[in-house]
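You will see subunit A twice below: alongside subunit B first, and alongside subunit C after that.
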Partner chain A sequence: MQAKVPQQGNVVIAGVGGQGVVLAGNIIADLCLSHGLDVKKAEVHGMSQRGGSVSAQVRFGPEVHNVVIEQGSLQYVLGFEWAEALRWLPLLAPDGLVFASSERILPPAAQRDRVAGGVNYPLAAFEHPRVRAVDAESLAKEAGNVKTAGVVLLGALSTELGFPVAAWRDALGRWVPKKALEANLRAFELGRAWQDTAPPKPLHSSPTQQARFRLQLEEAWCKGCSICVDVCPERIWQLDALEIARPTAPERCTGCRICEKLCPDFAIDVVREQESDLLHLAGGA
Partner chain B sequence: MATEVSTQQLLLGNEAVALGALHAGVRVATGYPGTPSTEIIEHMARIAPESVQVQWATNEKVALDEGIGASLAGARVLVTMKHVGLNVAMDAWMTSPLVGVNGGLVLLCADDPGMHSSQNEQDSRYLGKFAGVPMFEPSDSQEIYDFMREAYRVSEQFDTPCLVRTTTRVSHSRSRVLPSAAEAPGERSFERNPAKYVMLPVYARMGRERLLERLGRLAAWCEQHPFTREEMRDTAVGVITSSISYQHVREVLPDASVLKLGITHPLPKERIRAFAGKVDRLFVVEETDPYLEDAVKALGLAVEGKTFFPQAGELTPELVRKGFIAAGVLAPQQAPAAQDWPAAVARPPVLCPGCPHVTPFMVLRELEAYVSGDIGCYTLGASEPLRAMDTCVSMGSSIGMAVGMWKAGLKQHPIVAAIGDSTFLHGGVPALADAVWNQADLTVVILDNGVAAMTGGQPTVEFGANVRGTETARIDLAGVCRALGADPVVAVDPYDVGAVHRTLLAATRSRGVSVVITSRPCVQAPDKLVGRRYEIDPGRCVGCQLCMNTGCPALGWDLEAEPYENRHRVRIDPDQCTGCTVCAQICPHLAIAPASRG
Partner chain C sequence: MTTTAKALLRREMMPHILCPGCGHGIVMNTMLRVLARRYDNLNNVALVAGIGCSSRIVGYIDANTLHTTHGRALTFASGLKLARPELKVIVVTGDGDGLGIGGNHLIHAARRNIDLTCILFNNETYGMTGGQLAPTTVREAFTTTSPAGNTEPHFDAAALATAAGASFVGRGQAFRPDALEEVLERALDHRGFSFVEVMTDCTEYFGRKNSLGGGSDLLFTQSRSDEEVSRDLSEWPSLRPGEGWQVRETQPIGVLSEDSRPAFEESLGLPGYKRKET
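So, the complex of A and B:
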């Protein structure tokens, strides 16, 4: 069944730098324009190149004033990345719909389980009746180009935002580089046949219980070369007034044993104090 | 005329600036990059014929000086910058209205409410008023185009530079533009006229008289101007507004009467009074400072504004709605049922994989140096995990601030100024001369990547090309520093961790002003650079995550390998690694090596 050609509405495209968010927004805006609708599009530029979030908002209708979408009125979210899509949920209209890629891109700052408390990425499983997870990455690969994942999602959106399929394809043709057009059209078709996949599985970061370590120094063997001071990623070792290495914050030891292995005089022992739970990884639990 | 609505006419605000200026017949366009104004000059370089001179200047003051010179020489000229850039150009800006113009001179200044990518949130409308020039505030791309066209006419008609002030939302939104016929302004030649063009006090006094007399004429002119638009609807509430706030008001209060101001200096006082007389309750809705509100109050009118609408940050339709609810204009809304949404991910910007700015900061942190920082991609050296920058105020401040720290007696650790190449040539050169002259003991690290990377990779002066890519002169940074008397001046490859360490250690131990230039191209611009990729042997990796202290975003959890002591081992994302080798150099377990394949 083909959905009706919309007379007004709005779409948010959300992702991270380099995923083609701005381009996807241009395609939708172009499509609206070619159907005689007024359209405005807001882009968030700036830090995008440096791995930050990128979003584009498109609003269309007979006459559009504002470029930004108001809370509670957001109709469609195209999430090129899982958590970026979920970011927009608080704005979603009650009958709004989210098409989210099930791909996760964890920001570097979230991946620091050596330093406690570093994770601020929604790792838990999340399901919501208005959120559709689409395995856009696999479908894009099937289309022959991973970079077409965004177009897969455009295909999924086209089943709801009912501009004629030919018009979608024309708009793609105007914006996508000639070389890549064929793969993009395939991706669009695969997207149109989208199926709700399972949302991304929960991911655990830090173990529930960290192992603890005791640092033992054979003082007589330490000659104050300060190699351990330099290599410890946690900067635990320091030389005291007598040029003997001292662990200043032993509780921070993560048990990497670099100091133990690199001490030329075998003066350091890293002793594991207690067994801890096993870490559950993706797919576990 | 058949108005075929085509994609070309869905223009970014900044594209509309360029198109408007081009159709007004500008012959020179210059500026200094800065978000959200950067795309204007770049777009101009794409659409303008070769006969139009389009270029980046070394800083905003130079850009405006070029603009004034071109105008006096008879050309219509466009000068662009971001809000803080106008502060840099302030000296010339304040005097140029006394001199006036020959060819039309329009300065486009883009403010950044909400500080999406800026160091402050100034409301530059005060600077238009301060200089006493006509100021335009467009609210979408069509208005930008039309206002640009009009600004050139006004500039020449009234013999004054004009200011067009946009904001991030207006500059970075796309909306429909219907261009009008391009004009070819008549030839104007340079006329020698010292009494008008040489600001000796005796002539400047005359210029000041001209300025005040002109302001009187402009005040009358703006009353009648179609850009001052009264939209009468329900008269219970009247709103005076401009720029993007107009769009918010139309959306939130579609039935209210509106006085939409396209020209916000001078202000059409009579129109404001008349409008106030027609409505029961008068509001001003504007972003950031109460520029309009104070002016309306000064007319003795009862008006409400900042009591209900925030002064900090960007306005949104929600905030405007909230304000009108608080004011009792709109009925309170049923709060949407509280939902348990997942916490929004924090995705702070990070330095790119292989960014040459990484190692200098790793070493500076190691040396515990006091690092007086500056503005560019490298400002990210202040955040986790590098965390090696102590101060950063405005472009070019680093060296002067370092001199001040030294003079104040900060001696426990070495003092280092860290500054990018574009920033050094923007405002660092006079400060380096000052440091040498005033005999400070400090080290200047010039992070030379050949471009202004933060703003999208515009070429800098030692790059040897300008915005159109054609070859230009090239400047030798080390030669400049030596000529200013810095000693030693050494260059080092930032991909060589040991060398960076040795060089910085030696430089910070030497007396006087030393300069270390870390020299490697940005991996993003002008070309995307990729070398031989690296990979981690999970068997050797002990999950110490020391490599992740570089902040390289290609390094992340290895979700497939068995964890080591409950911590994830590290994996390199082959799609992101640029092969800079830095992580391999610091891995204590020698677990990182060139990828076996490709």
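So, the complex of A and C:
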């Protein structure tokens, strides 16, 4: 059943650099304009080179004076990246909807503990009644071009934001490159036929977290001077009740060896794990 | 400490006697790393030391070690080197031992340009004997024998060695072990008298008496800038660390001077040394 053509509303498209966030905003704005609506659009980008947020905000109606979307009035969020989508929840209207790709792209800043592959991705297991997790990446692959994930989400949005399907297709035709149009139209259809594909997928493109360094302590040599406690950039060492150094979170060790080099009592040994040990840890052959 | 460096220790002697957080341990740690990189075993290396906390460390290293009398490490080492020129001789001494009691021997070893390496641990005090004033103690610093603050100027050990004719002079800090490692490598590569002054810390006496804290607090003072020192002093007027902190930071580190004039052994034409005229 086709929803009613909206007379006013707003949409936020959120993602990271390179995902086509700005393009998707242009398509929606164009669609609204083609229905004689007044449109205001704002974009936040420029941090995209560093894996930072990119967003586009579109407001439309008979007459729009201001681009700002007030708290509690945001109608639709198209999230091209899971965490970027969830950032907008505070603005969402009670009946608003979030279509969030379950794809997760790790921003550099999320690599808090600086162990390669060790990540701290927020909201990994998040559920919210107004958030729909869409496996846009798989659907885009099915459409024949992984870059059409954003259009999958536009397809999903089109089932709620009731402009005529033909108008959506025309708008797409005006904005996507000609040779990719076919795949984009397929992606749009797949998005329309979308089903909520929660739960979110496991982390995208990040190796599993593994301790690559083992911290060994020559207990009888440690004199509890606390130099290691103060110099470790990862704050791994602590003194126990007997004033002996103990590694509290050895898996966070980056192998910088500062503790080893500054221990006056040679008590610390930072051992790089051999490949074979890693295989063993991973339960491999 | 890496396995290869650890293999150079006399394990049965460990743990060593140095106080918790003593900077000497860090310098020794660095020395062992350098030695482990250069040698599989220390059979052809002789470590000669005088008396003091720093001199004590040679007892823990599985090399040919000689623990001598106060201030005379360089004289024993010179004799040893001339009798056994094939040995790599390294002298480990402190500021009290090498500059106070044995200052005379230092300038003459430098003047002769004898091919050995002298590593002088400068902790600005006599640690082992109870924290007395040393020739390296900075003005206003408190020691057991300067309870009202030191009134004498201090020696700049590296400048002294350069003036006396050492053909290699470098300086390092316990706080910057990587930089120290590099200076030690270069010193050991050098042919002729190489002198390395290492700024280290006596937590037990110098740190305590001058309210510089122990362990890492004291260690971090080696990286203090003048601004930080003046800020600390204005915030904590009861502190009276004298010029100590400033001296630590404003002293340059690295290789300070190097020249290739013939070593003493070369002018004597000793075995293993091609004769060169001075």
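Here is the rule we go by: the second predicted complex is superposed on the first by the 188 of 285 C-alpha atoms of A that agree within 3 Å, B and C clash if a C-alpha of one lies under 4 Å from a C-alpha of the other, contacts with A are read in each partner's own complex, and residues count from 1 in each chain.
One rule holds for everything that comes next: contacts are C-beta pairs under 8 Å (C-beta built on N, C-alpha and C of every residue); 3 or more make two chains touch, one makes a residue touch a chain.
Since this is a predicted model, take the numbers as computed values, not measurements.
Touch criterion met: A:Pro90 reaches subunit B, while subunit C stays clear of it.
Legend: residue contacts after superposition of the two complexes on their common chain; A:Glu260 is shown touching subunit C, with no touch to subunit B. After overlaying the two complexes on the shared chain, residue contacts for A:Ala249 are found with neither subunit B nor subunit C.
Residue contacts after overlaying the shared chain place A:Ala220 against subunit C, while subunit B stays out of touching range.
By the touch criterion defined above, A:Gly36 lies against subunit B but remains apart from subunit C after alignment on the C-alpha atoms of chain A. When the two structures are aligned on the shared chain, A:Ala193 is found in touch with neither subunit B nor subunit C.
Of the two partner chains, both subunit B and subunit C are touched by A:Val231. After overlaying the two complexes on the shared chain, residue contacts for A:Ile268 are found with subunit C alone; subunit B is out of touch.
In the superposition on chain A, subunit A positions 231, 261-262 are in contact with subunit B in one complex as well as with subunit C in the other. The part of subunit B that touches subunit A in the complex is made up of residues 5, 7, 10, 12, 35-36, 116-117, 140, 169, 172-176, 244, 247-248, 250-251, 316-318, 321, 336, 339, 341-352, 377, 380, 384-385, 456, 524, 542-546, 548-549, 551-553, 555-557, 559, 563-568, 588-589. Those residues of subunit A lying in contact with subunit B across their complex are 16, 26, 29-30, 33-34, 36, 38-47, 49-53, 64-68, 70-72, 83-84, 86-87, 89-90, 106-114, 120-122, 124, 126, 174, 203, 206-207, 210-211, 231, 233, 254-258, 261-262, 272, 276-279, 281-282.
Per the touch definition, subunit A reaches subunit C in the complex via residues 218, 220-221, 223-227, 229-231, 260-266, 268-269.
Partner subunit A is touched in their complex by these residues of subunit C: 1-3, 5-6, 9, 14-16, 18-26, 28-30, 32-33, 174-175, 177-178, 203, 214-216, 219-220.
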